[in-house]
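Everything below concerns the one structure shown next.
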Amino acid sequence: MRAPELTFVPYPPDARFVREARSGLVWHRVAQRVLFADTDRTGVVYHGNYFRFFEQGRSSLLRDAGFPHAQVEADGYAYPIYELGTDFFRPIAHDAPIFVHTRFRGLAAVRVDFEYVITLAETGLVACRGFTRHCATNRQGRPVAVDPLTVAVFRNFPT
Amino acid sequence: MRAPELTFVPYPPDARFVREARSGLVWHRVAQRVLFADTDRTGVVYHGNYFRFFEQGRSSLLRDAGFPHAQVEADGYAYPIYELGTDFFRPIAHDAPIFVHTRFRGLAAVRVDFEYVITLAETGLVACRGFTRHCATNRQGRPVAVDPLTVAVFRNFPT
Amino acid sequence: MRAPELTFVPYPPDARFVREARSGLVWHRVAQRVLFADTDRTGVVYHGNYFRFFEQGRSSLLRDAGFPHAQVEADGYAYPIYELGTDFFRPIAHDAPIFVHTRFRGLAAVRVDFEYVITLAETGLVACRGFTRHCATNRQGRPVAVDPLTVAVFRNFPT
Amino acid sequence: MRAPELTFVPYPPDARFVREARSGLVWHRVAQRVLFADTDRTGVVYHGNYFRFFEQGRSSLLRDAGFPHAQVEADGYAYPIYELGTDFFRPIAHDAPIFVHTRFRGLAAVRVDFEYVITLAETGLVACRGFTRHCATNRQGRPVAVDPLTVAVFRNFPT
């Protein structure tokens, strides 16, 4: 599969975000460097280790979006992942500077979706694209409606 | 999404494999225990750590199928993952005994696909199902036809 | 530092254990294979990933020694690691068959120590040696006396 | 063992470093947040995952110190770890902001040592202290004298 051609340009209202030129969509962005710990003997990032980068993106997005993690947890909500998928277009080498882009992809009655794009910082080329789908659950692990605090953060995400 | 109802029964010709009753398909199977290292603070296996279980399944399948890993590598072939996906149906707790089932899912000109099902050994219930798609590449990382040794192993997989 | 010369010979009373010839000490032993996930771009096991092998050894030893993990936890005890150390003598390659040897090293009022030796299965050579020191704590995370069930397992370890 | 009382104060010549008040020693410092991926079911960082933080500290120190990683590697040198050790004083919770402090600890004919201190950013308390010892090797993996570029970086570290 061909890598998507995505061009991220500054988002003047907030330097922690960028805008994808073609679609106009706003993404959160964090910079990261690849460690030996992320790689395997093929010399590039091990496929299972991309999910740490995605979590870092999601976690940073939520913090920057004012998501009250401790409060949501205290209210009894959890958001386990029930589905994920990733397309890998280019390997990522050790010590490579990368950008992790994250955005909300969708909100439904009992779930929230995120998507991710990792680019190579030096060329802007897309290395991979993925998504995670999260189900709202209560303390007993049963699906419930997404809590109001999460909905509010989602609705306020820049567009 | 509902967990698929899969029932694995013995495959008398070879104890390292099992047969799924409804579909009749043969899967390779390995037993494993969940370590603290596999879990996160939610108390269950972290989503990114399932790919280690999948790799263990794939690696065991290939060894048991007589895949000449060193020879294929010496011949200049590699099989990086270009796509993966997973559905999670039930969390897997620390110390849980699990079975990792793996099978070839497809073979095409330049790629090989595997699929995976992890079941909870005590109940037989399906915890997750996933797949990885691998592209044959040469030493320069360019897509090439799947090498003949790999094709042979694939064709000999029990059915 | 030189690798220690250790020679593990069968321990007839129980095939899950071996005896080190020179010292006469009994060690628990599990076999394992190195995955891509364990390695880094240097082609061999990443130093941080040895602790998964050690945990697997410790966890298997405890299971085989009849350690009632769930009961000890239900009784309110935990055994966090407060110190660890490892000497690496030889790199461990991808797909290498290894043996993880584990034994209790010491028991004191509020702590339990384990030690580990990983050997290369094909040559018997020692790849690394390490230890972990665990402190008994109660539900509040405060040091307490090692619980009686743990002491009993420790005292019954083969010698 | 008691946690050491370390107080890190600004190092005016370079904001990427801090000075430990009592000893006067200069340490490199990076900020980090703990992810779910770093934790295990006990709710805090898994002991094996501290080595990723240490690597991040070491890698950042070397970059900021102008270490020519690619050149040293091209010259045929590698610096595998042959010994490590860590003391854990306080658990580190999910999402905790931490500081990873790193410094050169010693230089000898064929080896280089680093040490690490992780503090909880909110209180300044020491969570753990560790070290790694690296042996200079050539392309054949044999011990050799530390290369001149590495020696130069080491000698220029702020004091």
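Order of writing sets the chain letters: A, B, C and D. Residues in each chain are counted from 1.
Here is the rule we go by: contacts are C-beta pairs under 8 Å (C-beta built on N, C-alpha and C of every residue); 3 or more make two chains touch, one makes a residue touch a chain.
Computed from a prediction, not measured in an experiment: that's the story for all the values here.
Colleague: Using only Cα atoms to place each chain's centre, name the chain farthest from chain C.
Modeller: Greatest centre separation from chain C goes to chain A.
Colleague: Would you mind telling me which chain pair, B-C or C-D, is linked by more contacting C-beta pairs?
Modeller: Looking at contacts between chains, C-D has the larger number.
Colleague: As a quick test, compute the distance in whole Å between the mean CA positions of chain C and chain D.
Modeller: 26
Colleague: Enumerate the residues of chain C that touch no fewer than two other chains.
Modeller: Answer for chain C, listing residues that touch two or more other chains: 36-37, 42, 48, 51-52, 55.
Colleague: Note which residues of chain A are touching chain D in the complex, please.
Modeller: 33, 35-37, 51-52, 55-56, 59, 63, 69, 95
Colleague: Which residues of chain A touch chain C in the complex?
Modeller: Within the complex, chain A contacts chain C at residues 36-37, 39-44, 46, 48, 94.
Colleague: For the complex, which residues does chain D have touching chain C?
Modeller: Residues of chain D touching chain C: 1, 42, 47-52, 55, 78, 80-89, 91, 132, 141.
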